[in-house]
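Think of it as A, B, C, D and E in the order they're written, each chain with its own count starting at 1.
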């Protein structure tokens, strides 16, 4: 029987890796991937709580279902924007995306 | 019981390491691949948690759909960038690292301070239970999600559409 | 009749308004408006005087303002003193109006001049009629303004403009003293009404120290107005104004207001020996000081001006030594003969085509007889030769000084009297006797003007004044103290001194010495003009430069103040306002610094968000732990 | 009670709006993707108006569906604000779209409608899941809308920044929510709120953490410092009506939901978090107002001004007040904010388009080119600066009074001082309009009906709310805001 | 007896502005007339109020009151009323504004906007003087900022925009402090269960010893200091005065007239109404400070005026100097002093307006305000020069003109002050009295260099006063002299209120 804290810890780690990815990677696709990672971490939390949490019930898994849906939608939109941007700038280097500043 | 722990540790390590690979690898294809592994591992975690339905959804959506989507996205844009050295200034990377680490520390501290009895009986996340829950209490959200997907669809089409004609 | 006393100032006021509105139309006919108005006032005041001599007084007041439960009233009052003053003022004023008609002839601002004169007459008469000291102060200031206007009448002459400003400012200094004096009076005596004040003083409601302070403050006002040392500097400069103005304002009436003020407040002064001494010595110093300058000055009007200052000093001495009547008596006589002298000098200047330096004159006796004779009468009067008016008044002054048995004062006064006789006759001799020196000083292209006698409209006033200068003295002689009784009855001004019998010959002697010396130097020439200058060249130089007082004031008061202003302005602009602008810049600066974080790099944004978020939360909890937010 | 025997009439407005939105979309779909489609715009506005009407009808009586969907005055008022906002935005964009061929009209309108749907769904949901879905519906539509000028690099860039940071923010929110759920076993805010004090006793740290994660996430949506960094860029890049939409609708909706969570979920442990908001509010006002001083791009300037305004809106929450009074203030100011900001954006959208520059100088000499717009703009700016005879003034004074009565004088001082600073840039625009010569003297603007309509409505709103404030106030005073 | 006469009075200008809004730009004269008539009617109304104002009452008169915005725990009320303190200022406002309107004929471009702003400004100013509710007061107080910003910024001189912003933000900051103080005051009242924003009610509450435990003296003192600074900025008091020279100099003539004539008075009015009215004891405690600042203002302003090269700046600084007398009078806490302060408000209102008008008229002709570029103006424009001289004399405090009365009363007051209110009152007073000399010095010096002296060639042919210009000049001078000759006309209106204010200390 694995204690819930380990699951949560795993989630936390993944979340932070994702966050770090968002903050530092240059390749936009990877940045989007990192966002997905964060959402996955959230899911782990939800599922863990819903299975072996103090008040275990199914709601958490329903929640995670919605999260997955939204994540997918977000990824789709993100990539669409990515492509539109690529058309305009011929680059998906994050660092180059600073037409607007100050 | 220990077996479960071992499985968990394997999956966890797999997940974390492949997640790290997503960050550190050079070739973009490799990165997306390792991302897929991460998703797999996570799915495994779900099974470990007896959340079969979610696990399956995870595999279908993430491993199936999203990875492909990302690969497409990667192909439609240039992949030369992949060969770049990770170009953020060291200061930036360091700052991010410190920041994220602090955050992680705070989170873990909270997580390990958690003092609730984890319930022994594992509730099994079967499709029917989820379905009932979904259509009884969360029907509103469900409909909302439908619209959301439509909106995302429209948006994605409009944005990704070729400028021609 | 007496209840119509208010008409006396109103006539000139009407004239003023009339001239203000229609001056442009009236042109030189403006003179008649003024003359008629003054004549009317003169008539009325004669009537008032006779009734006052009949023994009745009159007072009428209306509420002026109420603050808290205090009420101040305004109105008019006829007393013995101001009945006398009314006559003096109206007479001289009327004559000056007449005189000016010719003297100012052809000046483009002729109507303006008359309107100013009218305004002055109004203010002066109002001053005289005031029932309380606040109202007196109000008119006091008004006459000051009139003097400012008239001195600066030829405003396009820089000297005139400067002189006007100087006159106003210098007197203003005194006025502030007076102002404070009034306020204190009101606070301690609860009223501005003379009776109330005097009653308060006599009943010892106010401690002596305060009485002294008040008296001195008020006296400061008098010092300013009556050009006493050290505030006398404005009067000589004021001679930049038209000569009739000098005669009216800076000889006969306004400058005497200071003396009049002391006279009016006399019981207050009497109550403080300190104040009396100060008055006496200020007067004495002024007298000899001015006289000494007059010895060497060569501008006919300025000599007269200094003599005025000196004579006012005499009056102060008199008042300071308890000679209430003496002072005011001299005030009256002086008004007449000094007006005479000024108008005389005016006539001379007119005859000399507006040249004023006595070194360019001489020998005018033959050329302008009436002027010369009347001028001589004036000179004799001021020199104190019996039976002319000046003699009598000066005699009483000496009497009261002697009575105060203060040897220093007595000597000063005696010497000054002698000096007076001397410089006046120096003036007379150099102007009217000897040969005409006008042509010696002709500049290139300037052709000879033959000096000529002035027309009758100018000489008639001279004659009238000459007569007054002769006979005015008889109202109060050692043999008949008419004025004495008239002024002092029902008034607590102390016992009036009536000098020892030897005073008459003594004062005559003094006068004669002065005259004789002048005769020797400037008529006979047995002593060279340069004898005394060579004797003590330093002194002569100092005297010529009026003791360098103007320069001193400039260096000690004017320049430092202006510089202080400049310094403060710099501070104001660069420090006080600087701070204001700096705050603005700092705010902008903050904005700039912050905005630089918006680099357009979304990952920077994320980073800032994370770090910032952590920081904010840390800060929040830190403050919480520190016990803020309860 | 399950969903099957619930009183669905409560949801009428949402359902109707959803249907109408779909109809609009279908019509657009059937009429081809290109070309002008003003009728679609009109349709959308009509459907929104219908929804407002329905909201007023059906949301009078409080009620709930399976505790996941609540109808209460709070929800109703926020819905009205939001719907009004969206309608104004759509009307504005009708004239905007005429000028910009590269935008697909129908889709834009549909997305606006979906976003509106998401927003109103969000503000009346008391369940984390419903709430989250609504939020994402709003957000995702906004991401797309921000990038709608596909030919413009700036637009795409804005969308990109928005989607990535927005996604991260969602992740934060969700992470926070996951703990909330885990520790209570329910996603229902009401239940959570009931257990909160006890829960806090046990897991103080985790609760605080989850709260902070949510504050961070929602803070991003309502762009408060330090979660505001994205706003200026996105506002600048997005099509102007969309900027208006972001500045008003998403912000107000975000406030609504933040309020809902804090009030319902964490109301019990109020003392444990208000001070954080206080500090955030202070920072927000300072940063927003000071940085705005230097802006030359009008949309960017409005972004910072919007940040500052968010600070003011946050104050009632930060100040430890009676909840209902805070709600009074926020709702009143929200109304004021909608009118003055959207009025301003309508003008900005039109003026910047006709000048083909977004620099403030595009307003130069506007008083000559179009007095009406100039005067109207003046009114809106004055209102935003919080000067008299406008709704902004009343609202600001009201909030200020509240802050004072909560004994947070330092906060009050910061508020009033920063809003004085804001005079600089608001009147800087006025300076351009009245004290600078127009770039070309001749050009007088022909104002399209749609713009003048929006401006007029906003003008009426801005003045009306001030002079007849009492109607709204009286109504709100009588309210039992939140049904528990 | 007109019902709600005050509301009519206050909002009439606003209506006028709306009317003008409907008139097309090119009908300049129509616009001018409408504006003029509106202001004239306002003037007549105010005089009507003045006449029906019952002397000798401490109560507010012509009161109006209804709940405007009810916030549950408090309500912003629409409460108007006048008493002896506000009555004269009300009339002052209408008079000066009307004359300013007349003086505005010199405005040639953007006439419509100009008059609209002027009228809105008038509403604001009138409102300030009649509002009894703190919120309302603040509203009108702030309202005056906007039009003045536009008027300075559009029709002003070279540095107009800088001046406009400085005025806006600086005085805006002042009102910010004010509203903080107001609401803290309200909140303390709320604590003792009295929810009101009404000045008079608050005065009662703060005077009530029963509440002393909650409304502590330290709190009151802090409050008063805050209020003082807030109003000091408007008044203005050294060192918060630096906005004034810029604003006054840059503003167009009419605006300068209003700025100096009315706007400054709002600060003093606020100080009297709120500071002295509600916190009399604290005011008394700070009396020394106020008196010192007053003396400082007098001397400082005078010294700076002495060295100004720009005639208008000189007048501006003279305004600062004259406001010092107001402070001095207030601080004395004697009937004489306070009445003197109010007299000074009114008299300076007229005199400053007149001076600024004269300066404006001269500038209009000579196109310079630099003193050394002027000179000998009496030659070419005797009438204007004459009026300028009269104005200067009034400003110097010549008896027979209103300035003297206020100076006299104020100084009597400060000399009268009991030592326990102000320890060194007399020293301060004597120092301040030197200011009188300085005033005479700088004004006469300016006269000597502008109207006197040799004529400046470039001004050989200048047109003298136009008929229209006689209206402001004669009216203002007439009023100055009227008050100077028969001060009771003003004194009787204020006296009772003054007694009331003074009686409050130590109560």
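As a convention for this text, a residue touches a chain if its C-beta (ideal position, glycine included) is under 8 Å from a C-beta of that chain, and two chains touch if they have at least 3 such contacts.
Computed from a predicted structure; not experimentally measured.
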item	value
Reaching chain E from chain A through chains that touch each other, fewest steps	2
Central chain (by mean CA position)	E
More contacts between chains, B-C or A-C	A-C
Taking each chain's C-alpha mean as its centre, the one farthest from chain A	C
Chain separated most widely from chain B, comparing mean CA positions	C
Intercentroid distance (Cα basis), chain B paired with chain A, Å	6
Chain centre separation in whole Å, for chain D relative to chain B (CA means)	31
Averaged-CA centre spacing for the pair chain E and chain D, given as whole angstrom	43
Distance between chain centroids, defined by C-alpha means - chain B, chain E (Å)	70
Shared interface positions of chain D, touching two or more other chains	129, 132-133, 136, 140, 143-144, 147, 150-151, 156, 159-161, 164, 168, 183, 232-233, 294, 421
Touching two or more other chains - residue numbers and ranges from chain A	15, 18-19, 22-24, 28, 32, 48, 50, 53-57, 59, 62, 66, 70, 73-74, 77, 80-82, 84, 87, 95, 97, 99-102
Overlap residues in chain E, where contacts from two or more other chains coincide	169
Chains grouped in pairs wherever the two touch, ordered by label	A-B, A-C, A-D, B-C, B-D, C-D, C-E, D-E
Chain E contact footprint on chain D (complex, rising order)	325, 328, 367, 382, 387-389, 393-394, 397-398, 400-401, 404-405, 407, 409, 412-413, 416-417, 419-421, 423-424, 427, 430-431, 434-435, 469-470, 473-474, 477
Contact set on chain D toward chain B in their complex	2-4, 11, 18, 21-22, 25, 65-66, 68-69, 104, 107, 110-111, 114-115, 117-118, 121, 125, 127, 129-130, 132-134, 136-137, 140-141, 143-145, 147-148, 150-151, 156, 159, 183, 202-203, 205-206, 209
Chain C partner contacts - residues on chain E that touch it in the complex	166, 169-170, 239, 242-243, 300, 303-304, 306-308, 334-336, 339, 376, 378-379, 382, 393, 398-400, 404-405, 408-409, 411-412, 415-416, 429-430, 433-434, 436-438, 440-441, 444-445, 447-448, 451-455, 486-488, 491-492, 495, 498-499, 502
Chain C partner contacts - residues on chain A that touch it in the complex	19, 22-24, 94-95, 97-102
Contact footprint of chain E on chain C as seen in their complex	63-70, 112, 134, 137-142, 145, 148, 152, 155-156, 158, 160-162, 164-165, 168-169, 172-173, 176, 179-180, 183-184, 186-187, 561-562, 564-566, 568-569, 572, 576-577, 580, 584
